[in-house]
Amino acid sequence: MAFLDFINISTVSAAVSLIGAAGIILLPKPVDKVIMFTLLEGGFLGMIVAAKYLDVAVAAAILDPISTVILLIAVIKINDVRKEKLKAQEEMNIA
Amino acid sequence: MDQVIYLIYILSFVIGMIIGLVLSYKKYTEPFVSKNIDIVALVISIIGWILLLNSQLIMLIPQYISITIGLFLVALVLGMRPGYGRFELVIGFIVSGIIWITGMVLL
Amino acid sequence: MNLMANILLNVLIAFLVGSVLLGLYRKVVARVQSRPGPPIIQYLLHLLKFYIKESSFPKTAAMPFYIGIASILMVIWISAVIVGPVTQGSLLIIFGIYAIHKIVEHNAGSSSGSPYGKLSCVRAVYSAAAEVPLFAVLVIIYLKTGSMGISDIINYQAVNGPLLYAIPLAAAMYLVLIISKAQYTPFSITKGKDIVSGYETEHFGLLRGYLMISESIMWYMLLWIFLTVFLGPISPIAYIIGMVGITVGIAFISATSPLLNPNHSVILQIIFAIIGIVGSILMLNVL
Amino acid sequence: MLDIYVWFYTGCALMILGSIATVIGPGVKDPVIRTLNTEVAAVGVSMIFLTYNHTIALLTFVASTLIITMILLRAIVRLEEMEAKV
Amino acid sequence: MDIATLSGQVFGYIPLGDIVLYFTPFNLFLFGGALLFTLLIALSNTETQVEARFGSLEDREVKVDIGEFKIRRFLAIVCGLATAGAMITGDLFNFTLFAALIGIVNLGLVAAVKMVDVLDSAFQYGIIAMISSLPLFGGAAIVLATTGTLSILELANSTVTPMVTFGSMLLLMGIAGETGVAPFYATKAEMFRTPGSPFLVIIHLSSLLVIVRAIEILLIINKPF
Amino acid sequence: MTGAEVLVPNVVSPLVVSIYKPAIVVGLLTGFIALLGIAFKKGDLTALILTDLVGLAMLVIVAAVATDLAEALVLPGLVVELAEILAIGEILMSREMRKTEKPVGLIPLPLSLDMEILDTAPAFLAIILVVHGCFLTGFTGGAVAGVGILFYVLSKTIRGVPTHIWEGIAGISGMAWVLWLVGFLLFFVAPQYWLLGLFLSACGIMVKVASKVGLIGVMGREEFKREK
Amino acid sequence: MRSLGRILNDLANPDNIPRLFSLVLGIVLIAGLLVPFALNDHQLYPRPEPQSQINAQDPLAPYDRGGVVIADFGLNGNFLLEPGITKAQYPENSAAIGKITGYISPMGISVRDTTLYFGTSIYSSPGGLIDEILYYTRGFDTVLESSILMMAFVVASWVALHFTMKREEEE
């Protein structure tokens, strides 16, 4: 059963965050990346909890969604901007 | 006191040059004539260089006075307006150089 | 002798010798280029003339600053004399003075509002990139002698012989620095012929007098530092001969060499500095 | 004790991975993606802080990373809007 | 002590906890110089650049408007004070922070200008200043890790290891970058083309004085003997 | 409770000493990668993003010393990074604006965001963060509370801020800075009032940092929350 | 010779300078890997081994540095019996050394008595070693870093208000 000893909150959260990191790096679409980013942050949160610093975990838990929201807004906005730009170009081409 | 003496040397040199310039402008009106040798300047230059270089040989007056005067006289010639006083200066230097060498050899 | 009188004496000596040397410099340049050239005393007379002339200030100048900067130049070089010949203090202070000199050079140019001054100012900033590393030869001297005090360095040389033979590259670097401070040499881009008188273009009367006095003191001090820290304890006659010799030599360089484009000049100096510093440190370690 | 090493080396791995991904990762021509990739390295730094028990610094770092991200994204969006070529 | 052979006898200290400021003739001279310039800047107007126009006989006057003048004067004074502080500080990390402050203020001094070229070089300089926070703080941290202290007075007595040398090399690069000194000066030289000479002087002043002081500090730390 | 020796040992623990080398190597490597990126990738924006990465490398190198002092030194590093990115980003934007000289580009595009979280969450999260920030005080509290304010301001729909309000907030932060300076001086002038000095310093810094971060939120709102 | 001149001109172009600088710095960093790195274990302000305090169920972990608090809010300065442990560089320069480290605000005391896991919060509110270092023994650093933040903000907000946001023109 020594093998199962390795499965504790630290290693699990390390694995989660590594998966999250891989996801951020490899997935092509920004929105997917934002989702994977929450995974990464989740793993990190797990680590803080494993270290038993609950106050830090609370603060991080509040800050994480905010950063996700900011990232999301930015991604949406930039997609908007790019769409506008494409449209403007097409109009130019038609005209 | 050393530095005071150096200051005096430098001052006499500078003043000599200024006076030399003023006098030579009075004396020569045309610019840049380099051929003939001015006897007065030659004499001044020879005396000046001798006083300057051979100050050890002159026992009559203290060394620093002779150097001061020598510098002043040399500067008179050195400071003459452009084109004048070059040969006089060189001749004076050579003459006093010879005297200095002979003095060194003899004494 | 009391300190005040000592300072006064040394400053006067520095000023007179420096201005005569600068006059000699112009004369030699002229003779090499087979012109009659001005009398040797011309620089000094020029300076005195500016004192008598009316001072006028450009309408566009940045006012208290424009005057202050010219006076600061004089103050710092007088303090260089105090640190150097009078008290034989730390070379680092001279380094600092040189840094401030660069600043003044830069700002004397830009404070007038003249485009020539401005160009000279930009070049001064630019050339600081090269000149400050050159001045860093002092560090090499420290590495060699173990002290920054001028008196300690003199004592060291009295025992071990002149530093000129021990760290020739450093001496060469310092000479390059002196060259860059002389007029019309390849490295003196701040006062190149193409920008009239460089940072002095818009200074008239008394202020120009200040600038010229400080320049003559600067020239004396640069040569004095060279002779003192590289040749050790030498007699006043040797100082005079050395100063005249270096001045004449640099005048030859100035008279025969072209002016460089600022970029090239600065980067050449940087290359000199790199070669000098790396080479000297290598030599220190190997020998 | 093992925990500490797990945190530390995960942090190190994330930092190196994140920085490589930021510089030459797929699709980093898009500045938004590049900025997102820096977040990986930032989380790695947080983990290293956690290892050393720099918890106050960690708290500040988490907050200030958010602010930096915000600033960067603002600049990116603004520049994109201006159609600037940078 | 090495400090005495380098920059002269120590005159006095200002203890602020762990950060001890000290005065030697060298430090005092630079300190005084920086303060003098700051005072001069605080009192000065800006100059007017007069440029000829193409195709006509008129001149164009380039002036600094009043809003810009105020903000730049403020930044210039801060920069002067920071430079003065960097001259007398006796703590390595404190010094690097002074350098960082000088960097950001220098950036600000030219950021207020409207010329594209100047803004461009301000941006490039800013990038360098930011990059150099790595060698600055990193170098100081490496020195701290090796010697266990940051006070220059203590560092003067510590032993030199390759790590200290590496740390101080990083520090030197950091200072060079932060102040924009050789051979990276080109970014800065462009910035000097704008009007506002009293404020520009402080950019130059700060970088040169900080470099001079940095050399002193590095010599103290590294003790070639 | 354990003894004083356990609370504060005489030397740094061997565990930390053993992981110093990997930490430094990671810091140097990250810095190296980021610097090479700056050197070989074109584009000013790229350089700006990558300098952020360089800053992270710096933080690791400083943190690796693993003492309380190191932690106290991390905070300046953070602040410097944040401040410089802010200033340089702004300069980059204004430069590009001058370069393109397109008046249309000056005004951010309108964007209608219908996100649930932006209607319900801000007040709640912001209050928690600000309260927590006030409890923490200091840099940390300032950053935490500041993020709360930033988020709140960002998600408000009213666009723009009159200049005088901006200047007012900036003025408050300036006063907070003075407060902090007074606190600092108090420590050395009158050590018996150290507690007062401590509170002045801590609260001054917090107010200062928080208000500034809030203003960043205002700047962000220009971009992200503009409605017709 | 001409190509040399071109190289020299390129070196003077501001756009290339950051790249040159970062290249040089990168090389220096990678050369740094050759240096034998080792942490000197005699440091100022040392801290206990990571996680040791929290594992010992210390409610003030990880910043417990000793000191006994009496929270009587008397303004006579006698708040504690015993200052905390600090290993400052120059303890003689700081008269009240250790007191900030030992201090816990009354709210902090109540938090300490209720839960084990809020040490960071307690010690980030006024008091604690970090505060002692930041505001007292190395307070001058904090003067600078808050000034840096302020200056950066002055610059950024000036640029933003006058160029980037351009509110006046728009409305």
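Observations on the structure shown:
Should a chain be cited, it is by its letter among A, B, C, D, E, F and G, assigned in written order, with residues numbered from 1 in that chain.
The rule is short, and it goes like this: contacts are C-beta pairs under 8 Å (C-beta built on N, C-alpha and C of every residue); 3 or more make two chains touch, one makes a residue touch a chain.
Everything numeric here is computed off the predicted structure, so don't read it as measured data.
Closest to the middle of the protein, by Cα centroid, lies chain E. Highest inter-chain contact count (C-beta pairs) belongs to F-G.
Ranked by how far their CA centres sit from the centre of subunit F, the chains are topped by B.
Of all chains, the one whose CA centroid is most distant from that of subunit C is A. As a whole-number value, the distance joining the C-alpha centres of subunit E and subunit F reads 23 Å.
The centroid of the Cα atoms in subunit D and the matching centroid in subunit E are 30 Å apart. Shown for subunit D are the residues in touch with two or more other chains, namely 3-4, 18, 51-53, 55-56, 59, 63, 66, 70, 74, 76-78, 81, 83.
Counting partners per residue, subunit G has 11-12, 18, 20, 22, 25, 29, 32, 37-39, 42-44, 47, 50-51, 62, 94, 120-121, 124, 130, 136, 138-141, 144-145, 147-148, 151-152, 154-155, 159, 164 as the residues that reach two or more other chains. For subunit F in complex with subunit A, the touching residues are 109, 111, 113, 115, 117-118, 121, 125, 128-129, 132, 144, 147, 151, 154, 223-225.
Within the complex, the subunit G residues that touch subunit D are 47, 50-51, 62-63, 120, 123-124, 130, 164. Partner subunit C is touched in their complex by these residues of subunit E: 5-8, 25-26, 29-30, 33, 36-37, 40-41, 43-51, 61, 181-186, 188-189, 192-193, 195, 197-198, 200-201, 204-205, 208-209, 211-212, 215-216, 219, 224-225. By the touch criterion stated above, subunit G contacts subunit A in their complex at residues 51, 54, 61-62, 115-121. Residues of subunit E touching subunit G in their complex: 15-20, 67, 71, 74-75, 78, 82, 85, 89, 91, 93-94, 97-98, 100-101, 104-105, 107-108, 111-112, 120-121, 124-125, 127-128, 131-132, 134-135, 144-151, 154, 162-163, 166, 169-170, 173, 177, 183-184, 186-187, 190.
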